[in-house]
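A, B and C are the chain letters, set down in written order, and residue numbers restart from 1 in every chain.
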């Protein structure tokens, strides 16, 4: 036990004496939160929209009011002529146009089906798709109102994702994603680099030629980084809730527990990487390049997985952060409990056990 | 009793394309100061790593204190002290933190075995709050030795402890090894410096993965096949070239201020004849004396 | 015959904060000379050598290297010197030929000159069969010999060698010195550091640094006489023993 503690203490010395490590450990999450959180939310505030209303009925008016009330949009004017739409986009920097067809409310009432045309400025696809999502959400919101009031079975395809995010804050979709990204990256990187450093420095040789159990080397490497990652998690959560008004509707304890699970999973990936690399640079490169891109691509917070080709969608299943993202979103945004996310949790546990097993099995008690 | 026993050990790298250690045999007695002498790439480090259970031999067997390096590696790891070739301590930890850490890794404390390291530790104690990375080469070696000794090992493996260290520190280091040996610790040390060979009780000369000779330094010197002479003249560079082309000369090697030579068909008049022939080649201030070979002479001889 | 001076330093000093790494060193090195630059670890050898190569700016003092000013003409200095160290010398993942071509290229050798040089160099070193092999596959001794030949490929006025023979076997070590003698006879000045005291004897003159200062400078013969020593080892020990500084 004394061995173990002194190993852990030594590991903390390493972290606190190396400015680069410290910066990476605590600077990266802060920068990420600020970057993703602020930059992305500000971008879509007060986007100019125009409404072209053929219908002029209750439904179209109510929806228009909802648009007016939303701070993401700034309703500049209502158009009377279809030709004006193009000039509005060209000259007035309008980002989105909403077109209500004639008989909108009638269709909705009797056919249980109605159409709204959303025209977005495709020259800025990111903003366009974000705004389109926002607009969709507003319309869905209206449908929800209708459903509640009249109990009529409207069959309209909705994007459930937005339903639970009525305030339409960019940050809320990003924060769980950033949490997944930061925790994964940092844990993988730190563990891999710190073990490979021992190899590179030659200290691993001395540790191996000692009664110290090699498995204990792993555990005592993992523990400090686990603790530091938990601190990191706290920093992220505090920043998200205070700076970005991010809600945590569900159980904080559950969220922390699930995050701990992801951290352990990431530590195992780090261990695995450290087993197959010989230099710190290689470990860093694999951790950064090999992890960053898949995490950003396949977690689902930057690019919707639904729109990806099937093979890529299948591939996304092996990225642990994808499952964590679903879990974190469910807890933070939807306020759901373990009953709703036990499947995802099981997947994550399974991955962790498998990775841990692999990395322990691959850990070399000799130099080759 | 033999502390180390190496029998027909072969070690190859890159799927057999590179043979690092080739059919090596030697043994080290208990309490002996044994030297593995050879240049870089001779296979010294590989042998050390096999004995410290870090590498598995491809063929042959090796044991430390009667324990097999493959099967009983866990027991061996408890009783050996190892100082790898490269400085292998934590550069960002202080002298004291390093020592404390390694003490607890071996489940002991500095106080417990202080007697053993006292001699060495007092020299670095003034710097105990300094980070190991900021120590000089000689100081680093002393700290590394302290760390390797902290658990009172029965046998010490020191892989090139004096490489890159200046003459003064090297001398001090060997003095320390002598004192450790007096306390009954078996020491296996490797070095590329031939002049350090005579400080060991027995040595193995190793080159290209093969052991050329295992003997006491005196015995190795005794086995040198030819009488050896040291020669010098005013122009040493030209002398070297002329000697190499001289029909009376068998071997000629530069050695500090002298060249060391052996004769073909040595006779009483050989020296005279040589001096004359060199004088004919305009060499001045020629001085020639019979000398006892040193280990480097022997090594060069065995290499050829 | 007056000797041509190729390195001249006058009170050359380098300070790092309060620490004086190199303290007012003054010496001259002549054309074609083999000059041994010795000293204990931390005596300030590396710092001095970096200044002479134009890599580090002195805090005070003057120096002329190959006729160029150490402050203003560092680029000219770099063109007229060669450098080889134990740690970095050649690209391990390039072949022998590629290494020669690369270093010839950065020193601006014209392609026909380079071709002739390459052929000559490969012949002298006996590397005909290894031309297209990766440097990493060569034995250490061969690498060091090749590295030296590459360091003098542009016929520099001075070549700086930082522990060129560390860890090399005794036979190759001597072959290496044959190359040094050969370069010296062609008028190239050799400025060399070493831990092997027998190699110190091969030098025409030796300087001995202790605690940032040059404590002795003479031929090996005179130094031994001066200190009443039989070997350079003893001279070195006598001088370096008094060192107070133990930092690298």
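To be clear about the criterion, a contact is a pair of C-beta atoms (placed from the backbone, for glycine too) under 8 Å apart; a residue touches a chain by one contact, two chains touch by 3 or more.
Since the structure is predicted, the reported quantities are computational estimates derived from the model, not experimental observations.
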| chain B to chain C, fewest steps along touching chains | 1
| field | Farthest-lying chain, centroid of Cα atoms versus that of chain B | value | A
| Rounded to the nearest whole Å, what is the centre-to-centre distance of chain B and chain C, using the mean of the C-alpha atoms as each centre? | 26
| request: Determine the centre-to-centre distance between chain A and chain C, using the mean Cα coordinates as centres, and give it in whole Å. | output: 57
| said: As a quick test, compute the distance in whole Å between the mean CA positions of chain A and chain B. | reply: 59
| request: Provide the residue numbers of chain B that touch chain C in the complex, in ascending order. | output: 38-42, 134-139, 163-169, 171, 192-195, 207, 236-237, 240, 253-257, 296, 299-300, 303-304
| task | Note which residues of chain A are touching chain B in the complex, please. | result | 2-3, 5-7, 10, 13-14, 17-18, 201-203, 205-212, 365-368
| query | Contact residues on chain B for chain A in the complex? | reply | 49, 52-56, 73-74, 77-78, 80, 82, 84-93, 97, 100-102, 104-107, 147-148, 151
| remark: In their shared complex, chain B is touched by residues of chain C numbered 39-42, 139-141, 163, 166-172, 174, 177, 181, 185, 195-198, 200-202, 220-221, 231-233, 236-237, 240-241, 243, 246-248
